[in-house]
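Below is the structure I would like to discuss, written out as structure tokens.
Should a chain be cited, it is by its letter among A, B and C, assigned in written order, with residues numbered from 1 in that chain.
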Amino acid sequence: MPKPENVFIHPQALVESEKIGPKTRIWAFAHVLKGARIGSNVNIGDHCFIENDVVIGNNVVIKNGISIWDGISIEDGAFLGPNVVLTNELLPRAGFPKGLERTVIRRGATIGANATIMTGITLGEHCTVGAGSVVTKNVIPHALMYGNPARQKGWVCICGLKLSFDERNAAVCSCRREFVLKNGKVKLIK
Amino acid sequence: MPKPENVFIHPQALVESEKIGPKTRIWAFAHVLKGARIGSNVNIGDHCFIENDVVIGNNVVIKNGISIWDGISIEDGAFLGPNVVLTNELLPRAGFPKGLERTVIRRGATIGANATIMTGITLGEHCTVGAGSVVTKNVIPHALMYGNPARQKGWVCICGLKLSFDERNAAVCSCRREFVLKNGKVKLIK
Amino acid sequence: MPKPENVFIHPQALVESEKIGPKTRIWAFAHVLKGARIGSNVNIGDHCFIENDVVIGNNVVIKNGISIWDGISIEDGAFLGPNVVLTNELLPRAGFPKGLERTVIRRGATIGANATIMTGITLGEHCTVGAGSVVTKNVIPHALMYGNPARQKGWVCICGLKLSFDERNAAVCSCRREFVLKNGKVKLIK
């Protein structure tokens, strides 16, 4: 099989897709199926598995041991910590297929290590799911979620640090980005 | 080593057992030790590990990244979601072996993605353990369990859908199966 | 690459380090990077990944599917159950590196299956973290911790069994070791 160009594929990885962007690295014992579409500058760690009906954007970090199943999309700049577990079936049973549901991980979101994401869910832009959490419903942009089941515990910046909104619903991150919280939504001001 | 017949073994899988039934598929980077006995039409996903003193029935689905240790039995038609974690030691310590305990997963049970099953436990027929749960004690047939620790939150049908029992303790699933709940047990009527 | 002596390396393992002590076993589809330093009589299970800036002592048990990242130290006789998840970044984001934090797992500690250890944490000597727990802060020696987030639920012996302290703050384990509890610390008497 021809290798995609400017892609690093570890000699022990199995990569069947050719739709992989430049500067992407795929590490040992990872397995990428033929239909997967993967952007540029993506890191796919050891022991990952990428199925066919998967779209992964640019600059995504996928740490070790993660399976990305048919029906899952991951937008630019998302971060999946080690051993994150994604799903595509609700109430599965052997011999009783119910159809797959789609999961979307929006731009710049973080999923912490070993978190579990139930299926049919959208994780909003720049949200953060804490390590070991179990996410059972949609997550709004910039939300910080954790626990089992995961609940919203705060807000996070584009850079990932926690945001504290003052009595006027304004927050300045130590990275100097400024936000307002209006009608339950975080908006970048500058 | 002779290959078992009519079994699909991915070229990158390591299969040392010959006791594997027809139509079973074993995927990349999976490792099956010599003593394991595996039925027919079983799916064993990428990056699984099956130890020696293991019995797996027919039509079992084992998604990616699962280790099945000595002392674990899995009956026909069970479904193990991705990255389910099973165990065979209670209170382990390096250098202080305490003997292995046995875990039994009964016919038609489902274990959700990334759930953890403590050792010495039986999961009853047609039960469902939710994704990300931690199961610390036996589960009765048809129970729906989730959380950390997992608690019973309802009942599920043979097909996997949730059952709602009415005031006469009767339930009809949308798959048309009918059940009664009597003395805390779910019984199939038709 | 020359193999370290008296080390068992499975033919399907990738071992780039030469700093590995005698009697250590490294199993199939495991990957050990060049800088890792690993003691003697260590067991590294299938599908593990050991990064460079890692120090592992003697007689450590590392079950399957565990990634040990730069900045993690594991002392003699620690036990890491299957699919334990360790981390080295707090509030990670793709494109926003914040520097790695160090995690230390002290002598004789146990981490139960599928537990998640947040970064920057020390797990004290002879502590036990229960299966499926999420550890968010330091753990004191001999503590038994579980839940999400993990809370202290009791004490454990050097051998791993639970300790019950009497009204005089004394405990005798069934392994015959004796302890006192003084100022919140467990001390071995004989």
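Structural remarks
Basically, contacts are C-beta pairs under 8 Å (C-beta built on N, C-alpha and C of every residue); 3 or more make two chains touch, one makes a residue touch a chain.
It should be emphasised that the depicted structure is a prediction, and the values quoted were computed from it without experimental measurement.
The rotation that brings the Cα trace of chain A onto that of chain B spans 120°, given to the nearest 5. Here chain A and chain C face each other with different sets of residues for the most part; under half of the interface numbers are shared between them. A straight line joining the Cα centres of chain A and chain C is 27 Å long.
Chain C has residues 29, 47, 65, 83, 114, 133, 148 in contact with two or more other chains. Those residues of chain A lying in contact with chain C across their complex are 12, 28-29, 45-47, 59-61, 63-65, 77-79, 81-83, 108, 110, 112-114, 128, 131-133, 147-148, 156, 158-162, 175.
Contacts from chain A toward chain B in the complex involve residues 14, 29, 31, 47, 49, 65, 67, 69, 83, 85-87, 89, 91-96, 98, 114, 116, 118, 133-134, 148.
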